[in-house]
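Below are two complexes that have chain A in common, paired first with chain B and then with chain C.
Showing the complex of A and B:
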């Protein structure tokens, strides 16, 4: 039934016109320098890229900082999320359904408000500081809890841990449990059994959570804006500032540097994560 | 007696210990996931206009105020429109594409697959800014709800493909062959056999498109261009705006959130269409000028 092929046409058209073409135009824009605002006229140049990588190192510095923070948050998501996924996978079938629904439920509430709520938890007059004060542990509020890299990472972990938990849970579910029993029968300690039998089998889940945690954090903008404070400025903040200042050429260059990084990462992970498989199961 | 009993008891205890610790860990995990939501619910009933502790007294005035805010209600209408069009559009386009991707072999299929899925993994803010550059300096369009919908379909369509495709993979094609053998036309076969069987997948795809659209509204940052920029008002420095964010509005928003978002979430569990979820999304736009 070759007629079926026509089904591809609408989506392919949308993807080409509204994704591929804009990306190519963005790439072209990043190579243009124009005197006038929003101008299409101008000359070809790599000046924008030179500015990203030099200009007293500000952009490069923030880019590297963004990547490091995303790495720390991803590692924290994996470390905290793994035992959590293990807990869910260890419950009975019926409970697993309930618990997974509970993990997904926060997605259905406002993303922005969930970030905003953290200011009421970590702030000077937030839940934690008021509790510490009430218990007479501190006299002064702990001000290092909010508006810095720390609160930013806490919120990243909070926002993205469900993705890590779901991906790890999926691979724990597929794992052959009799292998664990066999390892124990052959005298492996629980730690050995985990490291040499369980962990290798769940690595696909770990890689998948890198795709669904690390990459989205690179594009995070609300969290650094709401809870990051001055020290938590990330590359997306600089990018959006450029766009707001109508510096499309330079903004496009920053966007393209991020996009290239993401694409290289995806190509690197392609062998470890079969994107199609992730959903198809 | 006790010498024999206690090791056994201890053994049982040590066997249960990891299980207990794991359960405790799980409970802590859920506390972490739900803490901010609980805090928001509490503050939506708090009389103070700022969200700081200690709490003032109990009130439902934010909920009452919600019904009288016309700016907010206009945003609600916009949201319903955008969500409805995006959900229908993405579901149609995604379902149509899922069939050939699952059932047909063609050259470069894998590459094509990757290309179709790319909008999912590329951070939305990059797609949004690329679209903005296309719409404003290149095409010289006026940004509107139409451009928002265009941006949303790009992001939601691939998700529908994935969900419908997973349903199609498990589809027994002999059922279709049987219907055709018994004289059904292809069209009749589709509506009487294929469609009812893939309907759960299509609905799940629609739900994802719906959720994403509603989430995108909530993610003005991640999809800055979609919402803030493509939506028509190229806004000035968002930081300054957010610093000046009106807390009373924010609390009305909490109220909106509880009233509009939570009940549908409960309905969702009962497998009914969550009708009023989108409105809350648009409320946000009025919050963030």
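Showing the complex of A and C:
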């Protein structure tokens, strides 16, 4: 037993130092007035939380909007990522290596550059508009392609789809394929075999995708800033403005509301599916 | 004084001839009562070598705007003093203020700031005022910038002045009818055609000007509310906010933006240089805000001597000239202005950017932090406007 405890010590230390302590500090900040910059002096208060849920409803409104956008982007990642992962898993080992390399290739480039690249693709003088103009399909650039929720979601899908593909692929790899063949032998159509055999077996991968895609999008700042325009403002944009105004207490309260939502989501997912199944054989 | 000068000369010769190391040079200067900045300044004339690293402790940590330095002076400083400079960039004064307040001189030696933020830094005990007479390069400043009243603390100055410019709208005349009031920005025909730098406090101040606030950085709650309503009204016309003003050029060049609502002067030339259209500046009749910025040395800076040497180094006319050629906006260094006036390529630009009219700098509505709870109210109003 002591040996096990020693073994767990590094992990526990990392958890405490990098997760628990910052969360406690953030909670303390959120419950104090910010007369002093560090927010740890002065009176206790829940005013920051009240402000999150009042303030003309803007923070709540933008939080809900952020969640909806994250949900749409996650759903798009799954819809595109699942067939792609399935395709990879069905190819030979050699091709799987090539295709997986292609999936992770975007990570070789800076995240910031990848987001910027989309302004060159979707912009008024971007690749799409120039192509449409060249083909005489349009005579004016389609300005709705960039600086709105649409472009934001497109970029989110592009940025996060590799996580979805990898998680689903890992799940497909572990799937017992003989069950699919058995289902087909017993008269199941391909759709039935997919819905009743493949999908249930790969649900842990789907849930893992949700965790890897949905949660980081909730905290996205760069993408809405660079391609979201005025309609693509998300909760982190408001949060950062508050931090710039030295409103650490209020900023912490907004962050804590998001963190609580994520925590509830994770607990819900954990109750729904055994995520460990994805990685433990 | 003459004796001291003679000794200094012999010390310089000693370093030149290799009889003295730079460490010995600095020690001797200290014994003579010659300040480190002055000694560094002398040493600068020698060029090369890194032996002074022991005398000037580094690395130097500067929290700075990206248009406040260029690679050549960083490289030269390293070559001359052996001190490496770590640069951290920021976009908002409040951001830099918060960082400085959080980590202080342990992690930041020099911080940039705008006009009225200087007194805020000083009142909060974050910076040490500078004796500008200690700096060789301060002699190259326009006299008006050596005597800025709101930066004065006794004989010292909170900041070493660097640059200034009005912040005004620019428009592309191919699409926009000439105008002289902020009201034109609200015209529905400019829907999604305006780009702005994301500076919430300054945007609120600008909206304050639109709605008639007399002191746009000290607005009353009612004035803030009116400014917020103006921003909400303007929102459909704003395509996006950019994080740094140097991003404006591309928006004009690729035709995405028809109006940039808060650029500093010189944008027309930068756009032209980049192959874009000849955009026009507007000096709105309601007035305009402007920036006058500089560098401050953080209190208890871990590398104070290097910080002082750096300020003296970077503010030399030769580097200021390079900076003007790149940024095309007015600076505080008079010697650099005169050098640029001699260059036919830049003589007109010097006048067009107001570089030869330094008195204009102090007639603008200068950027500063709203007092008391004001900052919070400005940001709340900004958030409420953009979140709708």
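Following the convention adopted for this analysis, the second predicted complex is superposed on the first by the 245 of 281 C-alpha atoms of A that agree within 3 Å, B and C clash if a C-alpha of one lies under 4 Å from a C-alpha of the other, contacts with A are read in each partner's own complex, and residues count from 1 in each chain.
As a convention for this text, contacts are C-beta pairs under 8 Å (C-beta built on N, C-alpha and C of every residue); 3 or more make two chains touch, one makes a residue touch a chain.
Since we're looking at a predicted model, the values are computed, not measured.
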A:4 touches, of chain B and chain C: first, second, both or neither? first
A:262 touches, of chain B and chain C: first, second, both or neither? first
Contacts of A:147 with chain B and chain C, given as first, second, both or neither: second
Chain B versus chain C as contact partner of A:243, first or second or both or neither: both
Touching partner for A:61 - first (chain B), second (chain C), both, neither: second
Touched partner set for A:12, first chain B, second chain C, both or neither: first
Residues of chain A touched, compared between chain B and chain C (which is higher): B
Contacts of A:225 with chain B and chain C, given as first, second, both or neither: both
Residues of chain A that lie at the interface with chain B and also at the interface with chain C: 38, 123, 125, 225, 237, 241, 243-244, 246
Complex interface listing, chain A residues touching chain C: 37-38, 55-56, 58-59, 61-62, 123-125, 143, 147, 225, 228-230, 233, 237-238, 241-247
Residue ranges of chain A in contact with chain B within the complex: 1-2, 4-5, 7-8, 10-12, 14-15, 18-23, 25-26, 29, 38-40, 80, 83-84, 86-88, 90, 99, 101-103, 105-114, 116-121, 123, 125-127, 130, 158, 161-162, 190, 211, 215-216, 218-223, 225-226, 236-237, 239-241, 243-244, 246, 248, 251-252, 255, 258-259, 262-263, 266, 275-276, 279-281
Contact footprint of chain A on chain B as seen in their complex: 18-19, 22-23, 25-26, 29-30, 32-37, 39-40, 43, 51-54, 92-94, 96-101, 103-104, 106, 112-119, 121-127, 129-134, 136-138, 150-151, 153-154, 157-158, 161-163, 165-166, 169, 211, 215, 218-222, 224-225, 229, 234-239, 242, 250, 253-254, 257, 261-262, 264-265, 268-269, 274, 277, 280-281, 284
In the complex, chain C residues that touch chain A: 92, 94-95, 97-98, 101-102, 192, 198, 200, 235-236, 238-241, 243, 254-256, 375-376, 378-380, 382-384, 386-388
